[in-house]
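First chain A sits with chain B, and in the next complex the same chain sits with chain C.
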Partner chain A sequence: MSESKVSVKPSRPWRPSPKERAINFALILGSVLASYLLVAVTELKGKLAYFAVFFVALAVLNLVRGVLTRDWMNGRDQFFSIVMLLGMTMVILPTASILYTVFDRGRKGLHAGLLTNDMSLATPSDPITSGGLLHAIIGTFLLVSVALVVSLPIGVLTALYLTEIKGRLTRPIRFLVQAMSGVPSIVAGLFILSAVVYTVTKSYSGLVGSLALTILMIPTIARTAEEVLNLIPNDLREAGVALGGTQWRTVAMVVVPAAKSGLITALILGVARIVGETAPILLLTGGGDAVNLNPTQGAMGSLPFYIWKSFLLGTEESITRGWAGLLVLLVLVLSLFLLARFLGSRRTK
Partner chain B sequence: MTTLESQAGRIPSPREITTEPRFSDKVFRGVVTAGGLSSLVILGLIAIFLGYQGFEILAKEGISFITTSEWVVEVDSFGAITNTTFGLAAMLVGTILCAIIAVVIAVPISVSAAIFLSFYAPNSLKKVLVSVIDLMAAFPSILFGFWGLFVLMPSAEYWAKLINKYLGFIPIFEVEPRIFTRSPFIAGVVLAIMIIPIVTSISREVFSQTPLDRIQAAYALGATRWNVIRTVALPYARGGIVGGSMLGLGRAMGETVAVYTVLNIVYQINWNVLFGAGGNVASLILLKFGEAQPYEIKALMAAGLVLFMLTLLVNFLADQVITRSGTKGR
Partner chain C sequence: MTFENPDKKEKAMATPSSLASVAANTRKPGTNTLGIGLEARGVHAWFGKHHALSNVSLDFPAGTVTALIGPSGCGKSTFIRTLNRMHEFIPGAAMAGEVLLDGKDIYEPGTDVTKIRLKIGMVFQKPNPFPSMTIGENVLSGLKLAQLKNSNKDELLEECLVRAGLWNEVKDRLNAHGGSLSGGQQQRLCIARALAVNPQVLLMDEPCSALDPGSTLRIEETIKELSETMTIVIVTHNMQQAARVSDFTAFFLADGGPGEMIETAPTSQIFSQPRDQRTENYVTGRFG
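Coming up: the complex of A and B.
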């Protein structure tokens, strides 16, 4: 006599059942239908109408479903879940649109010589294949490097003050760093103009542009570095001091090496913050069309200036050049961002 | 017999225990403190230099620099300045108007997105969406500016016409003559998109700090998810949301390039948000800088000082709101 085997099938009660999935799908389908119907029948027109009707219909249908399955309170819950989804969609849509636009329009401006030529011999209405971005990329690289050399030590020292020394000034300094990150970029430009250009150098150059970028970069580096240093366990600091190290040795040989990859992330985020900064560049660098390797002298081109100038020239070719410049800038920001993400995720493992 | 006591000098005298840092530490602490004070120094220098350059104008115009709205530089045929009037009111109104429109649009969207991320999104989706929002925060403003001008403008113009059609009886939505492009409303929409990432990530951070026991207690009492959000999470996060919104407001006030690209800068006080004329202080500086004589540049420096003080004030208030809500035992 064989015993009949009863195997209990594992179930996942927290997952929506097939029936619920079907209802969900039907509701979405119904909302799409409703949006098409209403746009066709009534005076509502345009993308906005589809979007609005779809979400209103989805919210109302979910409300009805909620009320029918349980009660009024459940219906309201369902309704607001759709409202929150709507908010999320409205955040994602512009981002998607920006990425799509830049890749779609910038694509047309790409050509073989883009990264090896400069604009010194090209006029605005020349075909797109003449000229290129070389001067702008070199200029941006120099501007960012000089800004980095100045702001990295200051930013990290500020972060070290906030995490290691914790004196009476911690609160006010944290506020000042916050306030500094809110300084409008044009004010940073004006400041360098009044403090450096009119008093010392008397001329535009890449260096003064870098100084303005420094002001914008320090708070980003300081805040990210502070977060990173806060993550270093206190045990490490105590161990360092217990071994007889002075605070200086502990910070220099234990804390900072432990936070190294995080500090690099801070650096990258700082670079991403300033690489596309336009307003101070427009005031200070002069924006040349030829390659200039000397940041202390002469007008220096850069990606934001190139984009700005191309769009303002207004011919069809130069606008295409502008989009191509934006594409290069966006790719630069994207890769910096992904690099920071990669380093950040490696740190937490 | 030698005792230990007789061997004077061979026993180390007890070390003095002190909290006095050693020399190397003194240097270290000095250097780090100096670095920490750099933000104070830089902010102070900004105020001093802009004040120094703009002092002449501020002294001449006095309070009318921020209360009147006329920006006139008259030159005679030799190029010498004969008469100047500098009043910033139109641009100040424009700055505040655009920034307020941006906050009014951005805050509801950001807060609901933050609620979605904190309470609804499954973990895998959440990670992706948070990355996208962080990425959006890293977009340069020139990108928002030209995207707003070329892509958003046609749609936003249509929305403006809709608002004017159905809400036109409210004075601020009047448009006469009917010019809808390049209005403060559209600039406000672009600024809203720019500040959404900041407001969203701050709100999300505050929501994630909501005490778990209170959330679970509410669920245990039979609350739905919406009940939990409305009665536990939102009251808890209110201070952080207000503070985050004010940080966004400060950011929107100081924006230059995006506003300059999108907005039709006209020197007049314009409260009709849908009408295609406006301006803000930052874009005025960029606009006038190119052709300004040294004397007008001083006026622009003074305008920069006013803008700097304004953003500093907004940031200070935001900081106060955030810390006050942070220390209160909710």
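Coming up: the complex of A and C.
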């Protein structure tokens, strides 16, 4: 009985009909043909020419289709849909190209000992299989951890001052934070070099590198955290204090937990800002070839430094090592992002 | 102005509810649960240079429900927010006058604001359960926020939810998130949350304006039950609601200038024979 009852099939009438899909396909085909024709006939040459002509043709054809089947408004709508598509392609293509290149070239440098050896006993022209980048991974990990431990509380507290306390200094501090986020990384490096290295420590170390990274990280965390905290509705703050909570209790129990996933995003953006940072690292850390677990003393390697040095040495092997380093750095950053997404979306009981 | 209401006097004498004994640590045991009520004397309010409310004096006898009615922008919400010092949260806000809780001015220098807000709870226009907390945690959040100790949290949780008329709907999913409830349920959750710290006075700023008639009815029933143990002030745009739930009604109006209280009287009188022509125009629907 129940089967015979189901005489209505679910359908999606808002989807394009087979006819419309055929027209879409024809338009794309037409644009491809147009790009080949124009490149063959006219002076236009190169991959970029195909790309440009294809999109112009597709946009114009869709405009004409819209005007013919409906009206001028619809034509413009179709035209700008294609412009959006172009924008999206221009974002995705270079990113995909970078990812592909790094993975393709980097995989040649992968070997069993890559993550367990350092470069202290390998020379630039040694075969790929000798040496590794353990020292660089450990160095980057230490540099980022120290910078994170310093910047996260400062950044989040700054954001809390700007959004919760809103004191007299709000405007100047917000201005400073914005100005700081535009500081070129080499300036941060030079500042620490002249203010700390030349006057106090008199030597390279991981710690001074972390200090420079902190300067770059604080504004990123503070700005993102401020935006996130501003999104928390004021109702919640009022509800908190109306229940007899002090402002501090309300912020700690209601506002910050409500903004948790956004604050984790702020943290990740901060890490992403500095993990590949090269200029201050070159100036400050010394970039050794051996594993150094002590951030307060001695040269400390890092992935950006390792990559820079490998390409600078110029032998075929070291350039391959550089690509492998890039691959590892990229995978590291991507896994950090995934981890943050996971932590941010997981609901605590 | 003080109103004598024989029915209410009996209520005021009623023994403290079991809720009061559960959360007795908010007040010393043995004291009258209801206190003597809340009094506003010559309250003015400003937002920056804008004079929003002028010279409102109003008594809220213990154990009564007072409805504040009037057209939008007449200062009702501003007034209710001066009663538990939420007004000062708005940048540029200023006020004048006195608000006496059991005869003591809550604006007196040196007063602990958080203690005042513990005694004078508030339910907001828009349901605002804490998104990071479960239903159960939401109800008990006031205890944590104000750092009150309570040995019998389960009992308090159940009692608050029962009194807010929500227990039967949520008893099997106290660990679900507050956001998973419907709008009306969320508002009752917020009422339960306000009850958990056992306030003497409960301020409600248009608590039903975002709710459907069914949920509104439930909340009105809740208000009637609550008035046995606490003093309630409710802002409402719904005159039928004011007539249904309140003992006293105060009519506010801003006629070009700052908002003023035009008239206050027992509710039946406001709706049957108001003294002021403007009140009559409003309650009979001739304007506003």
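Methods note: the second predicted complex is superposed on the first by the 274 of 349 C-alpha atoms of A that agree within 3 Å, B and C clash if a C-alpha of one lies under 4 Å from a C-alpha of the other, contacts with A are read in each partner's own complex, and residues count from 1 in each chain.
Assume a contact is a pair of C-beta atoms (placed from the backbone, for glycine too) under 8 Å apart; a residue touches a chain by one contact, two chains touch by 3 or more.
Everything numeric in this text was worked out from a predicted model, so none of it was measured.
*Asks:* Compare chain B and chain C by how many residues of chain A each one touches, and report the one with more.
*Replies:* The partner making contact with more of chain A's residues is B.
*Asks:* Thinking of the overlay built on chain A, is A:Gly322 touched by chain B (first), by chain C (second), by both, or by neither?
*Replies:* first
*Asks:* Contact-wise, after the overlay, does A:Leu33 reach chain B, chain C, both or neither (first, second, both, neither)?
*Replies:* In the superposition, A:Leu33 contacts neither chain B nor chain C.
*Asks:* Taking the superposition as given, does A:Leu243 touch the first partner, chain B, the second, chain C, both, or neither?
*Replies:* In the superposed model, A:Leu243 contacts chain C only, not chain B.
*Asks:* Between chain B (first) and chain C (second), which does A:Lys166 come into contact with in this model arrangement: first, second, both, or neither?
*Replies:* second
*Asks:* Return first, second, both or neither, reflecting whether A:Pro257 touches chain B, chain C, both chains, or no partner chain.
*Replies:* second
*Asks:* Which partner chains sit in contact with A:Asp235 here, chain B, chain C, both or neither? Use first/second/both/neither.
*Replies:* second
*Asks:* Do any residues of chain A touch both chain B and chain C, and if so, which are they?
*Replies:* The answer is residues 246, 249 of chain A.
*Asks:* Along chain A, where are the residues that touch chain C in the complex?
*Replies:* 166, 233, 235-246, 249-250, 253-254, 257-258, 260, 347, 349
*Asks:* Once bound in the complex, which stretches of chain C touch chain A?
*Replies:* Listed in rising order, the residues of chain C that touch chain A are 84, 86, 89, 91, 114-115, 117-118, 121-122, 124, 126, 128, 130-134, 141-142, 144-147, 175, 177, 190, 193-194, 197.
*Asks:* In the complex, go through chain B and note every residue touching chain A.
*Replies:* 21-22, 24-25, 27-29, 31-40, 42-43, 45-46, 49-50, 52-53, 108-113, 115-117, 119-121, 129, 131-136, 138-144, 146-147, 150-152, 155, 158-159, 162, 193, 196-197, 200, 224-227, 229, 247, 250-251, 253-257, 261, 282, 285-286, 289, 300-301, 304, 307-308, 311-312, 314-316, 319
*Asks:* Quick one: in the complex, what on chain A touches chain B?
*Replies:* For chain A paired with chain B, touching residues are 46-48, 73-74, 76-77, 79-81, 83-88, 90-92, 94-95, 97-98, 101-102, 153-154, 156-158, 160-162, 164-165, 167, 169, 172-173, 175-180, 182-188, 190-191, 194-195, 198, 215, 218-219, 222, 246-249, 251, 269, 272-273, 275-279, 282-283, 304, 307-308, 311, 322, 326, 329-330, 333-334, 336-337, 341.
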